[in-house]
Each structure stands twice: as C-alpha cells, then as structure tokens.
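Listed next: structures, encoded as structure tokens.
The two complexes that follow have subunit A in common; it is paired with subunit B in the first and with subunit C in the second.
Up next, the complex of A and B:
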C-alpha cells in the first residue's frame, strides 16, 4: 500500500514538471509572437499622436512625451476621411449583406435541393472565384458608364432622399459589382458548411410539409447563423478594403463619392514630403470599422470556425 | 388512416455505368391501422423502401398507392405522412414546442391557438409537457426520441414511417419504448411502417413482419408464422434469437447424412425431401432437448452424444454451445437453450435429442424450405 502511493506521487511530480516546462516555453513563444505582430501597430498608433518634431526625434516605438503629444493629426485625418467613411459604409454594408445572403441561398440550392444541371452551375461559381479582377475592369467600366448607366438613372431618387446627395448614386454600381463578385466565394464557403449538415433536417422539414423556400427561411437560415458570422466578417473586410473596382468605377480621390481606400493614399502626402503623423492617424481610423466588426462578431466567428472544422 | 400498397416497387441506382438494384420488385399490401415491421440486415433495402414511400427517393419502377391514390409523383410535402428518423432530426434552433408545431404550421391552415392546443394535448399524452420549452441540445437521447415521436403524432397523418427510431436508446429504455410505441399505435390507429434490423423489435411490436434481404422481399407474415413456418433459410435464420442451427448434408435412403451425424427422417418428411441432393437440416436452439440420464434411449435414432463447450447463463435460460466429440474443429456445431435452473457444466459430455417434429429441411442450393416443423397452427392459436 505504502509503496504504491509513493509511486503515484513520483509519477504526478514528474508529470507536473514536464507540463510546466512545456507551458513555460509555450508562453514565451506566445509573448514573442505577440510582440512581433503588435510592434508595427504600436508604432503606427504612437506616431499618430506625435508632433512632426517628435516623429523625427524619438524612437518610433516610444509613446509621445509631454510636448510631443498632439491630437491635431487625428482631427485632420478625421476631417479628411469623414465623407469617405460614410461612402465606404454606405457601399460596403449592403454589398456584404447582399453577397452573403445570395451566397447562402445559392449554396442551399446547390447542396440541399435536387435538380438537374447542378454541377454545371457549380462550375460557373468556381470560375467566378478564379476570374482575375484585372481582366474585367475595362468591360466593367464600359458596362456601368455606357451600356447600363445605373448611377445616372437613380440619381434623381438619391437627391430626393434625406441624408443622401446625388453623387452617392455613383456608389450603387460599385455596390452591385461587389455583390456579384462576392457571391461565388460566399457560395463555396456556405456550400461546404451545408454539406456538413445532416440531410435529415431538410427531409424532416419536407415531410412536415414545408416548401423549399420555407425550409430555407425557417430551418437552414437559422441553423447557419455561425457561418453567417464567419462569411460576414470575411466579406466585409474584403469589400471595405477593396481598391481596384473602386478606383475604376469612381472617377477619382477628389470626387465627393470616393471611398476610404481611394482617399487614404492621398492623406498626409504633399509635394513637401510625407507627414507620418497624419498618415498613421488616417490609417488607424481607416482600419477601425473592420476592427469593430471583428470584435462584434468574434464569438460567432469562433463558433463558425469550430463548426466548419 | 389508410391502406398502403406497394406494387412491384423497384429502385435502381445508377453508379457510373453500373446498375445497383437496391429494392427489387417488392409487392406488399398494408391494411388500414396495421403495424408492419420491415426487417432485414443492413443494406437490404428496407430504409430505401421506406424513403420511397416518404417520397425522399424516386421510384424506378412500380407503384405506391396510399388510400387508393398513386403517390409515385406526388411531392413529399403533399403526402400526408409523418416520419421518425433514426437520428431524430429535431431542428436544433427550435424548442421542443417549435419542433412539434412546425409541421402543423407548414402543412395545415390551423390557427395558432389550435396548433398550440394540439401540441399541448399530444405532449401531455406523451408525458413531455415539462420539456416543451427546451431545445433539443438540452434534452437526453430518450427525451429527444419522445419529442421526435410527438412531432410525428401531432400531425395526425394517414401514415407513420419509422426508421429505426429506437436504435440510439439504451437497452432498458428501448424495451420500455417498444411497449409504449405499440400501445400508442393501437390507440391512434394510424397505419405504421417500422423499419428495424432488430428481430426482437420486429417480433414483439408488429402485426405483420416483412423480411427483406438483398433488396428482395423474403416473406411477409405474422410473427409466429415466420418463426414456425419460414419460406427459406434466410427467414429461418433471421427470426429467432439465438438463431436456428443449420447442418449441411445429403439425402441418402431415408436419412439426412451430414458431416457430423446421420438423421433418419420420418416418412412424411421423406416425401418432402427425397430427390433433393443437397439438404440443410434446421433446428431451433430452444427445441433441442438435453436429456437426463433416465430419458436416454427413448428415441435412440435421434439422440446424439455431444460435448458441452460453453454455457452462457442468462438467468431465465442457459445458452449451451455443443460440439460433436471427436471433431478437431473447435467451432460450435450446435447451440441449444435450456431452462435457467438446469445444471449443465462446461467441458462435460451430454446426450441431446433432436426431435423429429421440430426439424426443418431446406434445399441446400436455393435455400427454399422443403419441410417446416408441424404445429397445429390454426388461426386461433396464432391469434393467441
């Protein structure tokens, strides 16, 4: 009896020792990587609050000290970007919701409903993912400007609406383009999720007498909530940060309907050189919406990744 | 409440250039309010048959009629049926109440109050009132099973389809639910088709059993009819636990001659089996008599000395594995069942009798039954 219990103590002790060594090295590694990844962000934020003098004279990583601290850069950047923020969100939020919703519907139709020719349609979606943006820029511009000038069609409506100006109409073609280009990737993401769902949910709902659309709305849509979180974050980040389509469809950074990504390169740049304080402030502000989205959907995101795996 | 007819129903899957016949030419009529159990080993096509009735699989050939109307091309949504799945398939985001009312909301125009009332009514009948506001994730397997059953019952359909609904429950709960399901079905009087691979469920619950193997219907009949009068070796071996013993051999001048023993047959049996070269003798474990010393010699032609290899005591009975002495083969030759208090010791020698009124004979090639045990199976005794 005594010998067996002393054996046990020995085992536990060695186990704890191994365990803690492993843990210590793990934590050291984690801290190193956190430092590595956060250093640029830290530098950026610190620079954003420094006067030009402080930027030139202090180490970038250091926080701004007494007279080196200023909010002027932030205020300037906010003023420069405020219109663009509205434009970006006005375009990106509906485009995200649209592409995610349509993608989920298409995925449902491709995985959980039986009909002929599914494979052909799926192939079209796959091609849609791999189509290079550069290849469609010119046709896209011609389409929205000459063949189907949607912006000028809806402009009178926008003038009549509160909070909106006529020039906001120019964002509508961009929004629709993003929806169209977002649907394939959203469809594929949702498809893999739906393929993992047991088919008996749909079968049970069919037997319960629900139509194809009702099954989607009342069963599949609520069940796929975690996946919506994942795809929503992904798609919002993509659309908000996208430059090429915005650059092609909106005439320039000096127009009132320009989105954040168009204006950002110009903020803080002048013939006399680059004002790093203003640049960093603008970059920080521009990144805020995506950060907020990540935090807001973090739980859903984690849940979605778990269920997908 | 309707009768269901399957008329030469066939299902063929196309796999590249290969045709796989899952269900082969099945015809069976299920009467109004009948409880039919479709039983067979996995992959025999029983679930496919059920799914064709539900409309979840297309029918390659043949006709399915419900209450006289052909439902081959009718959408699942329009067939007035309810189904209980093996996995239950409860909607995970809805409460038990939501799960139960979903079908009524989708398939009827009933106002919300009436739906609520019916759900409550069924819930109290099933004893699940207190579970109604919980989600499936918060319920145990047995509780989920009851909700799934309640979801089917609340619809009040013409036909119940059940796909191995008890297979995910533990043994004790399964036995309870068997009785309860049977009582519910009688009470509701809804025609029911129940798919299972468990012959105990088939025997205990059904009005009639349909045995399937390799996509083909082997036999349809009342439980005792299948037990005593099987059409072929497959049915004889599938129904009954432990399974029937089979011995392969030949017919030789009034006797069955097997590898292990010779069995002289009665005149009546002789007429049935004579002329068949390959024969199979079948005897149910519970019919084998392990003789007391006093009884040895009463029927010397059908008595055999055997070696007891393993005894499995079950309490009410012992399952005794026997082998023929002198054979090197250690595999069991014969399984017998004796009453529980009977003292049979392992590794001893005993004498068994294979009574000639209990033996079955099958054609060794086709497996078709040539002679079944003779019982006075009048309608009355079967009903008991």
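Up next, the complex of A and C:
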C-alpha cells in the first residue's frame, strides 16, 4: 500500500537502495510462511504415496522415489471411504440447501421488512451461531433416539427407494440437525448482504403494490445469487467437515452409514499403531471435496469468513 | 420496548375502529406478513437451540445416568450435579487446560494474523494467491488436520522431530508428553486459524483510507511507527470480533483433540471441558453430570458473547 510501484517512479535511485533489501526481506517472510502453512499438508500427501519402507527411510517432506512409490495406500483408503463419501454427500447437500434457503428467508424477513422487536430476534439468532454444541448434545441424542426416532420411522421408505439402503435413514436426523443449527449463521451471512442492498428496490416494488412474497421471489432471490454462492460454499464446507453431530447421532465408525469425518480417525489403525501411509491417503481423499471447492472458490470462502466476523 | 408497545395499542382504541378493521390492520402489518419468512426458520432454530438448552438444563437437574430415563418429578430436581462437577478434580484440570488454550491460542492467533495481514498489505505480488494459501488450512476439517499433525509430530519419522534433531535438541514426544502435548495442540490450531485472523485483519486494513499513510509519510513517520501509532489502534473492531470467534472456538474445540487419538480420552494433558463433557456423556453414560458440564460451558461461552453483542449494539452495528 505505502510502497506500491507508483510511489517508486519519482525518486527511483534512492528507493531502489532503501527498498530492495526491505522488499527482499518481505518476500522471504512471505515464502517462509507459505512453507509453514503448506509443509504439514505436503508431508501428508508425500507420505500417502510412499511404501512403508520409504516412509521409514526417507525424509517425510521428500517425494517418493522410484521403488518407494505406491498407490496401494490410496486404493486401500478409497475402499475404506467410498461408502462414507456417498453418505457424506447424501447428508451434506440437502442439509446445505435447506439451511441456506431458510437462512435467506429469515434474513429477508429480518432486514427488508421493518417491525419492532427485530433486534431481539436477531440476538437470538446470533447466540445460535456461537452456541457450543456440547450444550445440546445430550438432548439431541435423547430426542432422536428416544423421543422422536425418525430414523426408524423412515427406514421402510428408504428400503423401497432405489440406490438407498435402510441404514441411510439414519442420516436423516443428522441432516435435519445440520439444517436447524446452520440456520443462524446462514441468516447472518445473508443479512449482511441484504443490508448492503439499496432499499430503493424494495421501496419501489412496495409502492407498486407487490406483496412481500412477490418481492422476495422477483427481486431478492435474483439479486442475491452471488451471496447464495458464498453461503452455499461456506455452509457445505462446514457441514461436510463437521464431526460432533455425526459422532453423537451415528453410533460408531464401523456402521455402514458413517460419514467421512467419522471414519477417518480409525482408518489404518491397528494394534501395532497407525499406518501413516494409509491414514494420510485417507486424509487426502477426505479433504479432496473441500479442497476442490476451496481452490475453485477461494474468494467466496474468504468472504464468508469475513462476514462471519 | 414494552412502553412503545402500549403506546401503539392505545392509538386504535382512541379512534374507535371496529374489530374487522383491527384484524385487517393486523394481518396487513409487516410483522405478520413477513412472519412466514423469518418465522419458520426461527421456529426450527429456536427449538433446536433454545429448546435444546432448556432440555439440557432439565436433564442436568436430574440424576439420570445409564439406561434409566431421566426422572423429572419435582422432588428429584436439584443442583447436586453442578456441585459434584465443581468438586471433581477432572473438571478443575480440564478448566485449567481450557483457560490456557483459550488465552494462548487466541493471543498468538491474533498477533500472527495481524502480522500476516500487514505483510500482505505491503503490495506483495500475487497477494491473492498467497492469501489463498495462508487460509487453506481453515477449509479443512479438524479431523483431517489432526491426522496431518499427528504425522508431523510422529516421534520416529515426523517433520518436527527431524527439525529438532537437526538443531541438536533430539527427538521430542510432542503428543505423548503430558507437559508438552497442550502446547503442541495449540501450535497446530494456530497453524489452522491464523489465516482466518489474517483475513479479518486484511479486510480491516483495506477499509482504511490510503491517505493516512501518505499523511504519516509526509510527517516523516517510519512505516513501523505508522502502523503502531495509527493503523493498529484502528483494528480494534476487527480484533474484538476475531477474538470472540477464537475464544468461543477454544471453548468448544472437541474434534481436533478427539481425532488425535480416535478415542474419548484425548492425549494426556490436553483434556478440556468439551472433551470431558462428551466423554462423561457418551462413554460413561452420566447424562445429568455431563449436562451440568455443558451448562457451565454454555455460561462461559455466553460470558464471551454477551459483552460482545452489547458492544456491537452500543456501536450501532448490530
């Protein structure tokens, strides 16, 4: 900012002297931190492709060499996780759509339309974002297991459906749980966007006599497309990565309906310890969906995080 | 608010309008007409969050454990679990660990994030790409980063011990040594979160007008001085909101610790309230006891959130 290239044009000679060293040290720092943030991931990926012997004999940051290279770990991990991938996506995609839609609706009701008491409702939503989920875990387990066993109620339906098994019914409570607890953050993300919109849109439509529903469908939904992208990416990443709810509602990593994050801490573990070649392969595969989304939509992801704060 | 409500309801009475008009007014009211939009999500969220909290409190007052369902009869409800929790040494040591985690993790994350944000704000080339790389760990699940750091900290082959051997300290048992384990966990979490604080600070820095720098330069202030005297004090709001997110995270961090061992008990010396609560509930079946721990956790989180929301409200930015 202070030392952008335009500053340097007028007094080049002295600036080159002063700034070259300063500049170089800045870039050295930038590169060092790139190393700091990427090294743990790099060593993980390299280890994923090494034979057990190479893991023990080579430096963990080095790429696998000729005879040290193997795809066995990857294939093993892929087999261990393939069902879980389906479960994760089957649960996360509807849950994301649900919480994003509800969030958008709630934000619209809370920003575009004025009424008293909005602030109180807003605060209730905000607390919902920061809630430590431990505070609702015991009730959650009791509710879905004892009070309202939805999973066993919808199981016959799931058996009848193609591509699905009865055990997939156990993912439905998890899905609904994610929708419910995802609503607050989605609402606040959308609200910050809607607040930035010029109110003239809505005012004009109101004067024309458009109903609140019509304003939402015809005006708000179309112009909030970019924000839908941001919230969808943010929320999908959150739900796919989430562990605690899955851990509470789905019993054990060895059940067929377990999601990816639930299985990962158990892959490649045996009585003799952890097989890191397999474990790192599994971690890499588990990270792949979010990594792809992140690399493709980095700006949207960063925007989601910024607005959250 | 109650007074304004009264004033509002008093007005139509004075005008003596019929009940049909009143009903029509009521139905045309923006509050009512917008209620399907915010009402349904609000109801769902309300049941999940506040219903959940209420239910949890109810369970915490009983003596429920194991397979016997909670008994809500009045004579059975008391605060016994809360005193029992406070008296247990496991809770005290978990609370201590949690406090260390909260303070050290939040402070270093904020400082490192601020440093990185200032670094990237110096007109670094490709600074968007660099930002993407720094933020990358934040896109990964704690389950995944825990596995990665388990490997980094591996005693025999991990990168960390290669470094310590190279500089002559010799191998360190990063996760296994109870007096180091919490530090190792904090270090890994800082690795994951400092990109986040950087993004928050960068947004703050970029919202500042450029001429502050030019003015300071004209006055002959050095870059360092400009930052310390002028820029950083203006980052208060970014610091507060990032700190709240980090502190609440530190209170509820469970996944990373669980995923390190894959068992209910995290590495020795790293047990925090969140892991203690889940272990008491789902491993030992002490429902009422763990519900009481959860209530304490909630109170601590509210202790962080409530001042923040009040601060935001006072700033008019709610």
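Observations on the model:
Simple rule for what comes next: the second predicted complex is superposed on the first by the 259 of 309 C-alpha atoms of A that agree within 3 Å, B and C clash if a C-alpha of one lies under 4 Å from a C-alpha of the other, contacts with A are read in each partner's own complex, and residues count from 1 in each chain.
Convention: a residue touches a chain if its C-beta (ideal position, glycine included) is under 8 Å from a C-beta of that chain, and two chains touch if they have at least 3 such contacts.
Computed from a prediction, not measured in an experiment: that's the story for all the values here.
Once the complexes are laid over each other on subunit A, subunit B and subunit C both fit without any clash. In the superposition on chain A, A:283 makes contact with subunit C only, not with subunit B.
In the superposition on chain A, A:171 makes contact with neither subunit B nor subunit C.
In the superposed pair of complexes, A:200 makes contact with subunit B only, with no contact to subunit C. By the touch criterion defined above, A:219 reaches subunit B but does not reach subunit C.
By the touch criterion defined above, A:227 lies against neither subunit B nor subunit C after alignment on the C-alpha atoms of chain A. Of the two partner chains placed by superposition, only subunit C is touched by A:244; subunit B is not. In the superposed pair of complexes, A:46 makes contact with neither subunit B nor subunit C.
Between subunit B and subunit C, the partner in contact with more residues of subunit A is C. With chain A fitted onto itself, subunit B and subunit C come no nearer than 7 Å, counting C-alpha atoms only.
Residues 211 of subunit A touch subunit B in one complex and subunit C in the other. Of all residues in subunit A, only 198, 200-201, 203-211, 214, 218-219, 222-223, 225 touch subunit B in the complex they form. On the subunit A side of its complex with subunit C, the touching residues are 1-5, 26-27, 29-30, 33-34, 36-41, 43-44, 47, 55-56, 59-61, 102-103, 105-106, 108-110, 112-117, 119-128, 130-143, 146, 177, 179-181, 183-184, 187, 211-213, 216, 237, 240-244, 247-248, 261, 264-266, 269, 274, 276, 279-280, 282-283, 286-287, 290-291, 293-295, 298-299, 301-302, 305-306, 308-309. Of all the residues in subunit C, the ones that touch subunit A in their complex are 1, 4-5, 29-31, 33-42, 44-53, 55-56, 59, 69, 116, 119-124, 128, 130-152, 154, 156-159, 162, 191, 195-196, 199-200, 203, 205, 210, 213-214, 217, 223, 226, 238, 241-242, 244-245, 248, 251-252, 254-255, 258-259, 261-262, 273-274, 277-278, 281-282, 287, 290-291, 293-295, 297-298, 301-302, 304-305, 309, 313, 318. The touching residues of subunit B, when paired with subunit A in their complex, are 54-56, 76-78, 81-83, 85, 87, 89-93, 102-103, 106-108, 151, 155.
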